[in-house]
Amino acid sequence: MIQICLNCLLLSALLLLISIGLNIIYGISRVVNLAHGSLYALGAYFGYSMVSYGVNFYAALLLAPLLAGLCGVVLERLIIEPIRHRDMTYTLILTYGLSVFIDGMFKFIWSDKVQFIQMPSSLRGTLNLFGVHYPNYRLFVLAATVCVILGLLALLEKTKLGMIMRAASTIPEMVSALGVNMKLVHMGVFGLGCVLAGIGGVIAGPLLSVYPMMGSEMLLSCFVVLVIGGLGSLRGAILASLLVGTAQTLGFVFLTDFAMVIVYLMMAVILLFMPKGLLAEGKFD
Amino acid sequence: MEKAIGNKKDRKGLVIQALVLLALVLLPFVLGNKFYLRLVTEIIIYGLLAMSLDVLLGFTGLLSFMHAAYMGIGAYTVAVFLSYVDPGASIWVTFPLGIAVTVVLAFAAGWLQVRTGGFAFALLTVAFGMMYYTLVWKARSITCGDDGLCGLPKPDISLGPIVLGNMNDSLTAYFFTLAVVAVCFFVTRRIMHSPFGAVLESIRENTERASFIGINVRNYKLMGWMLACTLAGISGVLFTYMKGSVSPTLMDARAGGIVLMMTLLGGMGTLWGAFIGAAAYIFLQDFISAMTENWMVFLGLAVILLTLFMPKGLADLPIRLGQRLTRQRSNL
Amino acid sequence: MSTILSTNSLCRHFGGVRAVNDVTIAIRDKSVKAVIGPNGAGKTTLFNTITGRLPATAGTVVFDGRDITNSPVHERVKLGICRTFQINSLFLGATVFENVRIAKQTRMGKSLKIFSKRDSLADVNEATFEILEKVGLGGKASELANTLSYGDQRSLEVAIALAGDPKILLLDEPTAGMSQLETNNIIRLIQKLVKEIAVVLVEHDVDMVLSISDSISVMHQGSIIGEGTPDEICKNQRVREAYLGDENGH
Amino acid sequence: MRKGLAVCISVLLVLTMMPLRPAVAADPIKIGVVVTLTGMAAQLGIDNRNGILLAAKHKGTILGRPIQIITEDDEGQSETGIRKAEKLVFKDKVVALSGVTVANVGQAIAGEADRLNVPFLTTNVMTPKFYGLHPLVFRCGQVADDQMTVAQVMGILKDPDLMKRSWYVLADDYAWGHSCAEEFIKLATEKGIKIKNPTYDNAALNLVDWSPFVSKIISAEVGGVYACLRSPVAPRFVQQAADFGLMEKVKIIGGTPSEAALEAAGESVVGLIGTCCWTWDIDTPKSKAFAEAYWKEFKEVPPSQGAQAYTGAFVLFNAIEKAGGTDPKKIAEALKGATFEGPYGEVRISPKDNCMRTPVKVVVAERAPKNPFGAKIIKKVVASLTPEEVGPAE
């Protein structure tokens, strides 16, 4: 029984870690980034290259996301900024093209082989939790996710930068009127979103393997979590990822055929009757 | 005065499109070999699908991520009927059946979806589209799951007793597809220029103001959705006739993204722009993937550049060229 | 002259904020009713609740004897409740002619025609030209709505409302941002209209309100604090306090 | 403003941009290869293509004419596969089609065999639906699902340690997975092998976390796991199973994971049992020659998929040579009953059902000895089965 709970927790943690960046980017600068999956994969690939060249796993866990965040900021300046004022459809199609481009680059640079980020020796082996052997690495993933989320909540709630971000998510015009350089805020938020995606990538690397299509496969689950939790609300995302993680874990095992249909049904119900998400904190335009 | 200008421009547009249709009719005799003929047939089918999404996106202002799902439903209905019920069924049976099933399933999804708008509507189309995709994928006993239904019998094209030809022959397939798509195009064009079309455009332009002039926005959105899905169903039926095999990848999330790309590359709100978008996408993909296995890099780059520098899509090129011609002619 | 539209103990709350608080007013047919009050008094929220843009939290709205509290916007418009918006809400991509034509076409129930050309509805076109002349936009028919001056856009708002053959016309600050000439046009138009239909005004221009209104209601912090003819309102002590702020300045 | 005269100019411009028929220098024999180069099965597709390219290099010429291999990417989608096959046949005028990595594309192209009217020899499609499918459609290179299952069951029968274990069956939730699982359970119960869950579990395709199944296996206290998972997914399952320390307690039989997948998974994959036609562990002269040639050409660990495609291509080339021309009927005749002494012994195309009979090896993943390819993992041969043992009977 403990094993099943831990399994559900782990999938929820992964979903949360990967979708949180997308949530922030939409919540604060109203950009729907279909290339978010590819940035998650970019983080994983950077992590893989570093670890295979002998960089220590933990160092890679810090460096790779920063590199992914840097790429994110450059992309935001080059591509997202010029069309920010345009209708949402254009950002969707542009980021879709971007995801096709990045997935193509993975194939071009790293080839199609399925790779694994080598797990650090300290995290190998299992831990005996009340008679159940649970891999150390998975416990590390749970712990890492909790730290990242707490850090993020602290950043948003406690710091001045966080206050600006939260204000920008409600009334952007007012914030720029108060002399805040919105360009920097959008750039910072997009960068932060990509760093979070990168962290998700490096942590998922040893577990889920690294291959060109990993990003686009996770994108759909990210959107499901986003919608159920309420677009742009962090607490909602935490609750939603728990719900979706449990539904998928139990669903895949017991009624494999229609597990995903239930998840999409949940998404449809939320969209129809609670557009602002479970905790009604979502920011729908 | 206002009426006169509108009609003159409208008639000139119709003449141009008739000329293009004439060119397409003569095309098979110009083309070197069968492959390009079948490629153009496929472009016309995907053009119809992209046009149906343009009716939704360019005219009613509703974004659907998974529009390919309804093409898939139309295609699968015909494929399942031909495989299990009656392989020799004539097109006068399978065509309406394909459309009927698409309309029913589209209504089921649309009736709920039109309660919302904007991004919520788009996400709902994902939810329902993926549900239909999963059903097709999972109903293994009927649809053979991911193997799809292959080697389907190609129906005869017959008007009553006279058999004009079989879909297996590329020329018949081309002309039948061109005829059906041309009819769909001109009928949709007429509908979009009608008072009903004006209502759809007003909903796109300003949904709240539309309800404040007495339009039942929800009903008209549903009608726009049903028109778009019916056209998508027709393109699905034509696809099965021509290809003779269907598979779930026809209606998955990636296919939905591709149709969206075609419509936007072509240019929204112009109906015929979607055909140019479909032609551009299929050529780009087919041409580049023959040269290098890393075609995704170039395709992604092309989409990014086109979205950034040509927001009105490829259809904008002929329009601008046309304006410059008329301007030169006027000040000569 | 019977009451055409009435609200009894109508409320609209946003969480704790009671924007419209227990408002009961009656609007008589063929008369000009003005609703005035300082900023944030709840005038526009009252408008939005009557016209269905916002659902009412409590109370009812009755029009011509029918309870329309929960009926959707388009049904209220079909009944004849037409309004303009404080912030212009037009079909900016379409021409001035098309803006009014689509409203007229919907009013005349011709929207389901899917095969005739949209410009071929002769009766709709005539009625549209007529309304444009009435509002003084006859000359600008083929211009795009987003190229119009602010004043012209306000007139276009009125034209679109008129295209709905209103029984009651609700104007949300029609003269805001208008030149004196344009304001006079609007006043002359209202005086002509009020011969057949009821007109409800939300306005800041007090002189204009006093000159043309038959009855005035004054709102303050969500509720009605004074009602009556323009002269009664001038003498009303509570109204003066609300506007000038009384001694203890709460 | 709406539409200038230029509309039809632009449409015609787009259409005439199509390249005209390329000028033909020497008159090469063109062979079309349709493989999956993007998507999940991309690595397998690349191994297929490389095998066929190497075969063309080694064959050199057919009937004195150079061989030209034209490759197309089907992205693993049936409709794209058909379009690319049409391009190869109608535009490039290829003499025969080969390759094809995934079953749905293979069946889609086979469905169009009459219209394409060229011999289609698939080197890597495993679905049993190809037996006697069409006079122009052949399979040579990769074993079919049923042959693989027979080999796996024989592998268990020959090893008493495996025989006494009870087996838990897990399959990828798609056509190939289901047919493998069903056939394994049917054959295993016939041969008296204990199956823990006759109604096998299937795992959704976009499943990322395998822990639910691993915990199910642990609680089922089984001795062995039969997992028919796609090649790119198998290592992830094995890696996650190893995390739970499952590899010590349980023997896993996992479909036919490719060398690249095994290299990626590294240490945790040791002990995984599988079946394939070829592995560089076979030390016959022909096998050694192939391994060195592949390493020299592509600088990658020689994959079994590559050897299978290499063999299939050679059978096709020899058949065209024997047919003495490019007439589809003649080539088809020549292919019936064709034999070829390849890297993994003699293969033969049975005239009864146009599909290959081949020796099959049962292999176990182990740490590789010193080898020129820098490989960490080797597929050690533990049992070899003759074509007659593997069947199907003719």
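In order of appearance the chains are A, B, C and D, and numbering begins at 1 in each one.
One rule holds for everything that comes next: a contact is a pair of C-beta atoms (placed from the backbone, for glycine too) under 8 Å apart; a residue touches a chain by one contact, two chains touch by 3 or more.
None of the values given here were measured: they were computed from a predicted structure.
Chemist: Please give the intersection of the contact partners of subunit B with those of subunit C.
Modeler: Both subunit B and subunit C are touched by no common chain, going by the contact rule given at the top.
Chemist: Is the number of contacting C-beta pairs greater for B-D or for A-D?
Modeler: Between the two chain pairs, B-D has more contacting C-beta pairs.
Chemist: If you average the Cα atoms of each chain, whose average lands nearest the overall Cα average?
Modeler: Looking at where each chain's C-alpha mean falls, the closest to the middle is B.
Chemist: State the chain with the largest centre-to-centre distance from subunit D, centres being mean CA positions.
Modeler: C
Chemist: Between subunit A and subunit D, what distance separates the C-alpha centroids? Give it in angstrom.
Modeler: That pair's centroid distance is 35 Å.
Chemist: From the C-alpha centre of subunit C to that of subunit D, how far is it in Å?
Modeler: 73
Chemist: Taking the mean of the CA coordinates per chain, how far is subunit A from subunit C in Å?
Modeler: The mean C-alpha positions of subunit A and subunit C differ by 48 Å.
Chemist: Among the residues of subunit C, pick out those that touch two or more other chains and give their numbers.
Modeler: Residues of subunit C touching two or more partner chains: there are none.
Chemist: Subunit D: which residues touch two or more other chains?
Modeler: 37-38, 46
Chemist: Provide the list of subunit B residues touching at least two other chains, using ranges where the numbers run on.
Modeler: 10, 293, 295-296
Chemist: Which of the chains are touching one another, listed as pairs?
Modeler: Once each pair is checked, the touching ones are A-B, A-D, B-C, B-D.
Chemist: Would you pull the subunit B residues touching subunit D in the complex into a rising list?
Modeler: The contact residues of subunit B facing subunit D are 9-10, 12-13, 16-17, 19-20, 23-24, 27, 32-36, 38-40, 42, 140, 144-148, 150-152, 168, 239, 243-247, 249-250, 272, 276, 279-280, 283, 286, 289-290, 293, 295-296, 317-319, 321-326.
Chemist: Where on subunit D does subunit A make contact in their complex?
Modeler: Against subunit A, subunit D makes touches at 37-40, 42-43, 46, 173, 201-204, 206-209, 211-213, 215-216, 218-219, 232, 235-236, 239-240, 243-245, 260-261, 263-266.
Chemist: In the complex formed with subunit C, which residues of subunit B make contact?
Modeler: Interface residues on the subunit B side: 1-3, 5-7, 10, 190-191, 193-199, 201-202, 205-206, 208-209, 211-217, 220.
Chemist: Where on subunit D is subunit B touching in the complex?
Modeler: These residues of subunit D touch subunit B: 1-12, 14-15, 17-18, 20-21, 37-38, 46, 72-73, 76-79, 82-83, 86-87, 89-91, 103-104, 107-108, 110-112, 114-115, 127, 129, 174-175, 178.
Chemist: Considering only the defined contacts, which subunit A positions touch subunit B in the complex?
Modeler: Checking each residue of subunit A against subunit B gives 32, 79, 82-83, 86, 88-90, 92-94, 96-105, 107-108, 216, 220, 223, 227, 231, 257-258, 260-261, 264-265, 267-268, 271-272, 275, 284-285.
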